[in-house]
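One chain, chain A, links the two complexes that follow: it is found with chain B in the first and with chain C in the second.
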Partner chain A sequence: MKAWERIVIGASMVIFVALLALVYTLGALGYRVPPSTPRDLAMVYLTMTFNPSNPLFSAMAPEAVTAIVWDYRGLDTLFETAVFFLAIIASVALMRGVSLPEKPPSSAEGMSLIVKTVTKLTIGMILAVAASIAFHGHLTPGGGFQGGATAAVAPLVALVVFSVYFLERSGVTKNRMLGLRSAGLLGIGLTAFLVLIGSLLSGGTAFVFQNQPKPAAPIGLPWRIDGALTGGTLFLFNVFEALAVSAGFTIVFLLLAVPEEEAIKVVRGGEDGH
Partner chain B sequence: MGINIDTYLFNLLIMTLFANLAISLYGVLARPSLIKKVIALTILSDTANTFAIVVGYRMWPTPTSPPVPPVITRIPPSREYMDWFTARAVDPLPQALVLTAIVIGLAVTLFLVFLTLQIYRLYRTTDVRRIAKLKG
Partner chain C sequence: MIAPQTLVFGILALLGLLSMVATYLAVTERDLVKAVVFSAIQSTAYAFMYYLLMAPDIVLVYVPVAVGLYPAVILFLIKKTERFEGE
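Our next item is the complex of A and B:
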């Protein structure tokens, strides 16, 4: 890199920080950051997230973050799930045709017996914690995204400690994970239309992505079943999102664990020019 | 109006995040290695997420009681509890945006890693200057 290039890059970095500082000083983010009282929008969410006296505007879930993610801004999250879906599909498409060798090499035995035994216990615990995070997303901090990302750690650990061949033998294959992930996405899609379908069958009207009853759309999912809070559609969304996220990450981890020789064989092509 | 230590430290934090943004943009734009671009991109997204969380935080309501998470812990909430809660809870909206951004950022990063991996397998280099000169 030439000297004048260094000077230009350094000066532009300084100018960039100075401009951001100017914007900040002029109060583009409010008079104080962080503010001493939250914004009006935040107050609306905080007072409305669980408000039995105003059920038409409430998501009826005590966790405001999940209420925003899957109720107030549910369509946003649907499209973000679509971005996630596309990123995983693009990774799978880049690695198309790459598969594990028929016969595992003799060195693919994984780590020692001690590590394997500990890992077997730990994987169960990881999955239990992930389920707790995902299925209590409407009550405590957590939800489908976090629970799914936690659950994806279990196959990752198994991949390192055992081997990719072990996972393949125990049924965690790429195609099965693709199926599981598609099932999760299908569940998200169905849940988005659940209230609408129910309303149409009973002759009423409803919104897409509706959770609780709204004006002119009187049907909603129950937010309480036998005294236990469900958050209506939030619980279903969290379950399906956890499924989709964990299976999606597992696919990518499985593809990353394919031996280098196999991948190069496919990428470089054989004698037939592919 | 004097400047107190909290405001000073928060301003320092925000300036640090701005500097971090500049450094990670330098990494994305000026470094030739694709791997370093991906690393800089993760730093960029993490900085942006941290910034969103800081903007959504709130000053301590009193000097001895910190803000609380935006989760209602009493069912059904009484009027007094809701007053207490809204006077202390942080803004939930940036948290909702950041939580999806983290997971999707991870998926996009994995895609970029795959792209870099395949480029390396094909051309034995991750230097964009050399990749740009390749033909066929």
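Our next item is the complex of A and C:
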């Protein structure tokens, strides 16, 4: 890289930081960052997220972020999920028909025995942490996407340390992951309509994406089962989102691990232009 | 005795500086594998900053994505293309 390019990059970063510092000093973000008291909007969510005395406005889950993400603005999250999975569907469609060569090359034996043994232990821990983040998402920081992304690290590590052939042998195939991902998405879709379906069956009405009872829609999911908080739909959304996200990421890694010649052969297509 | 808040702001400033240096090195480094490592260092600094700014939800999504999955995807791509950036 030429010297003047380094100077331009360095100088632009210094100017960026200096401008930010100037804005901060002039009080554009307020003179106290973070402010000494929460904003009014934040106070609304903090007092309403778990409030049995005001069930009409409450999501009945103590985790305000998950309550906002999957209840107060649940429809936004649904479309965010849709964008993520459209990207994965596009990569699957691009790589359709791509498969691993039948015979593993001799280099596909993975790393040394020490690394493999440590990895076997770590994979179990990663999956346990992921499950904890996802399934407690309605109680503590975390949620479906966080848990799913953490769980996706496990097949990634296995891919690097063992090989893609090891993953295929142990049952982590592209089609199975596609099945899991579809099951997760189907679950998210069904959960969005769960209260509506139950309400229509009992002769009432309800909103799409409803969690707790609302005016003119008196049915909601139970927020407490045998003394344990469930957050109504929040728990179901987190479980299905974790399933879909971890399987989706795994599909992408499996596709990336296919040798390049095989992938190019399929992506290039035949002379008849398929 | 340093007030806890001053301490937190000081650590935030140090992490911010670390992230700036790592970003500069990641942009200017010609060996792309090293650039990914610098980028991961920047992500680690940001993860700590999010934690100090009391955003644990962001930390939990930032750590696996920015320190685990994203460097892995980039390393896969480097393996399939070229390791050294051309002129």
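By our rule, the second predicted complex is superposed on the first by the 227 of 274 C-alpha atoms of A that agree within 3 Å, B and C clash if a C-alpha of one lies under 4 Å from a C-alpha of the other, contacts with A are read in each partner's own complex, and residues count from 1 in each chain.
The rule is short, and it goes like this: a contact is a pair of C-beta atoms (placed from the backbone, for glycine too) under 8 Å apart; a residue touches a chain by one contact, two chains touch by 3 or more.
Note that the structure is predicted; figures quoted are calculated from it, not measured.
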One more residue to check, A:Met13. First (chain B), second (chain C), both or neither?
both
Partner chain(s) touched by A:Leu26 [first = chain B, second = chain C, both, neither]
neither
Output check: A:Thr37 vs chain B and chain C. Expected answer is one of first, second, both, neither. What do you get?
first
On the A-aligned overlay, A:Phe84 touches which partner chain: chain B = first, chain C = second, or both, or neither?
first
When the two structures are overlaid on chain A, which partner does A:Ile133 contact: first (chain B), second (chain C), both, or neither?
second
Could you look at A:Leu201 and tell me whether it touches chain B, chain C, both or neither (first, second, both, neither)?
neither
Figure out whether A:Leu46 sits in contact with chain B (first) or chain C (second), or with both, or with neither.
first
Between chain B (first) and chain C (second), which does A:Pro141 come into contact with in this model arrangement: first, second, both, or neither?
both
Chain B versus chain C as contact partner of A:Leu156, first or second or both or neither:
second
Shared chain A surface residues [contacts with chain B and with chain C]:
9, 13, 17, 34, 65-66, 141, 143, 145-146, 149, 249, 252, 256, 260
Chain A to chain C touching residues, read off their complex:
1, 5-6, 9-10, 13, 17, 34, 65-66, 133, 141-143, 145-146, 149-150, 152-153, 156, 160, 249, 252-253, 256-257, 260
Contact footprint of chain A on chain C as seen in their complex:
20, 23-24, 27-28, 30, 53-54, 56-57, 59-61, 63-65, 68-69, 72-73, 76-77, 80
Residue ranges of chain A in contact with chain B within the complex:
9, 13-14, 16-17, 20-21, 24, 29, 32-39, 41-43, 45-47, 49-52, 62-69, 73, 76-77, 80, 83-84, 87-88, 90-91, 94-95, 139-141, 143, 145-146, 148-149, 229, 245, 248-249, 252, 255-256, 260, 263-264, 267-268
Within the complex, chain A is touched by chain B residues 7, 10, 14-15, 18-19, 21-23, 25-26, 30, 54-59, 69-73, 75-77, 82, 85-86, 89-93, 95-96, 99-104, 106-108, 110-111, 113-115, 117-118, 121-122
